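Here's a structure for you.
First chain written, first letter: the chains are A, B, C and D, and each begins at residue 1.
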């Protein structure tokens, strides 16, 4: 039973860490954005204050059952996916369920949050929400293709679908997958631009077009819960990318306190740098129209993904 | 939730602290004062350092900023927007024309005195108020929030009949849903 | 400016074609006075024959003492840079005017506004009746007999002045020891 | 993604994408607009009625509020109409000062347009820069007139006060700074491929219909027709100053953006010339007692080129001390209603706010 206790403790620790890191990154991005825009900017912990304020709203209106469930659904989906991805490369403190899930399963699970959002937004009856959901799903169709191609390339190259094994391979050979299959990596990187929904791919909640899209009718606690879910999802995507392409973080053979802390440090550095790519891109670019965004993803990123698959098939 | 002025509970204190530092302003330029809002939000005056940022829809907003005079046609929309906002919510009257009509005191289409129709927390006077004045108005609102004195939504709920009768005096064709939360 | 050649040619062209009065106001400004029934044919003539293809403006002036509305159509020639005013007067009691939004599309907006603000009817004008106002049940507000101050004072809440409000001139003169000049005294608050 | 079903979508009055406070009612099929209708009146303050109750000078406090982003062209146009009625001469120096004020107004309004145009496209960096830099121009106005936004500076017969000491030097320094910054803006917005992709071929105003629809200003110049009140009917001292009027072919958002981009450079050029050529002397042909001032009976039509196009004032006097009737034609009056309703069908919903900004729709000018 000690094992189970450790697991539960690890799971709670993982969730707290994912939430904190996701929120803090959001705050850092706000601060950096402000500096780029010649401003002083809000404090780094501003997102926590916003969340606290939203959660302490005294009235909260829900539009029907799905409107009530959508934020819960999102956070459940976020925590579930979080359990299935390796946090520190098989570190004993954060084992969670990462040994049981594989990439294909993860792909399915990551859509779950959006699905909850879609159902909830549909029930609010706001046309902006409906259009926002349609746009979100269209965009997902766009970026999922290069992303899946990149993952397929990795699966073919290393003959495994397990995230754990993919990380292990990088640890053993010392070569990051980003270099082992650069085409797949680039395809996935470009797809990540759409995944993080910064400009030019913020078409879902485009303020000048759709107010704030699917979340138009959500306020107070619901919006706060969605914000937390979003923060966890950001951390999930970043960690997954780091483990798939950047050799993960931490040493699977050493689970001592120091090694764990060092692993967390490396994870933070890698995820932050990765996070900066869509953010940098977003600072200086206006927004695409929906069909332009899809055309973008089906252009170069998809081509790179196909090359990545061919590379995996013929050169390894 | 009781909000005793003298003895705030620790929960209230934390809540008020968060509310104070995170004010989502509804992006609704109801009048000409809206021209100074971009200046307030952007690089020279940068209101975001106080946690003030724009919100796109009334559901997400905390502060309704009435930027200037309200025509009767807009008043109807403002009431609708105000009622959609979630409590605790605050209203800032911006510019002289919200106080007493200002230079439009004799216009047949603008209201004089915003607080007859919706409760107002803070008035910022001037025509038009400079960004510094706007920020000082927000700081004043923050002080009120921290002292637990900004209870706009409660005031509206408790005196709903008073406000309704005033509103219906002006808006002739009343086709709006009831205030139900 | 100089001899106003272009202006006189224009004036002659319009006045001789329709047998109406007109005059050259100054350089680049020519006005003609027309009967309300000929206005649309003058405008069409000016647009098709003379090349006045841009309509700048369309306004209505309420001459309450004469019991008439004056309508002024301002049209412009983009090449000659001349402005032609076509003025007409219609009865204030039966305000009906020909609809010209078939000649210029954007005349529709002006006419809708006039219908709302002066109560002038334009037969065949499309568009909702509420253009600017909403649920307006008084007389059209831009008519001279509508007293906006009285209406505002009756309808809207008037905030009473402050009890301690002071007259600025008196206060300043008291503080600085100067005398309020005579001409300023009539503006003082009693 | 064309679906049979039509949805009604209201953009505004409370919507982040709308310019000011108005409403566009759209019928939408999928992502495509089928029909559009403009609803205005949310900002109706009955200015024209109120001006009839004010005397000639008091009207200025109301006038400048007609269109909030650019108050000065309104003052100038009204002042010119009143001068025409009153046969009042304007001193040469005042004319130069007016030109400088006009071009500064054009620049500050350009910067707001810039923010609106890139903000509605989803680029949030340049709005922060340009609205921030706009404050430097407003500082100049503040030094000159005492007000940031509303100035009440131009009066019939001249301007209200002379240039303060050192103001011209400060203006020239600000112009140098703005010119440097404009290069940086252009790198961010105009060199951006995504902006080009979004702006090109969208919101086309056809060249053959443009004049008939009453299109004016940069929108008309964006269709390739050279039309500018400053050269068509030179007022003040624009005929003594050397400047170009840029035009572009195409009639789409991109063409209009390029026209405006070039126009603001011309403004800088005009200001530099006007400061260099400025004569001395009086700045105000004084009205003896403005409160009792009467203007001879008559009608006058004056027009001025504002940043969004031609602004016209039709001023009628019955010989009294109050205007009998003042009717304003703003540039947005046709852009915001007729033109918008005509060019929106067939566009993507994503472009509605983009087109609104590009046409320079200013609701307070439509309903006044």
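Of note:
FYI, a contact is a pair of C-beta atoms (placed from the backbone, for glycine too) under 8 Å apart; a residue touches a chain by one contact, two chains touch by 3 or more.
These numbers were taken from a predicted model, which means no experiment stands behind them.
Relative to the whole-protein C-alpha centroid, the nearest chain centroid is that of D. When chain centres are set by their Cα atoms, the one at the greatest distance from chain C is A. One inter-chain figure worth recording: chain B and chain D are separated by 30 Å, centre to centre, where each centre is the mean of the chain's CA atoms.
Rounded to a whole number, the gap between the C-alpha centres of chain C and chain D is 21 angstrom.
The mean-CA centres of chain B and chain C are about 37 angstrom from one another, to the nearest whole unit.
Work out the mean CA point of chain A and of chain C, and you get 61 Å between them.
Among the residues of chain D, those touching two or more other chains are numbered 16, 41, 44, 46, 49-50, 53, 128-129, 132. Of all residues in chain B, those touching 2 or more other chains are 27, 42-43, 56, 58, 73, 106-110, listed in ascending order.
Multi-chain contact residues, meaning those touching two or more other chains, occur in chain C at positions 133-134, 141, 146, 148-149. Those residues of chain A whose C-beta lies close enough to touch chain B in the complex are 30, 34, 37-43, 46, 49-50, 52-53, 56-61, 207, 211-212, 215-220, 223. Of all residues in chain D, those touching chain A in their complex are 1, 7-9, 15-17, 31, 118-125, 128-129, 132, 188-189, 192, 194-195, 197-198, 348-354. Across the complex, chain D meets chain B through its residues 13-14, 16, 20-21, 41-46, 49-50, 53, 61-62, 65, 68-69, 112, 115, 127-129, 131-132, 134-135, 138, 148-150, 364.
Residues of chain A that touch chain D in their complex: 33, 36-39, 127-128, 130-131, 134, 138, 199-200, 202-203, 206-211, 283-292.
By the touch criterion given at the top, residues 26-32, 34-36, 38-39, 42-44, 54, 56, 58, 69, 71, 73-74, 77, 81, 103-104, 106-110, 127-128, 130 of chain B touch chain D in their complex.
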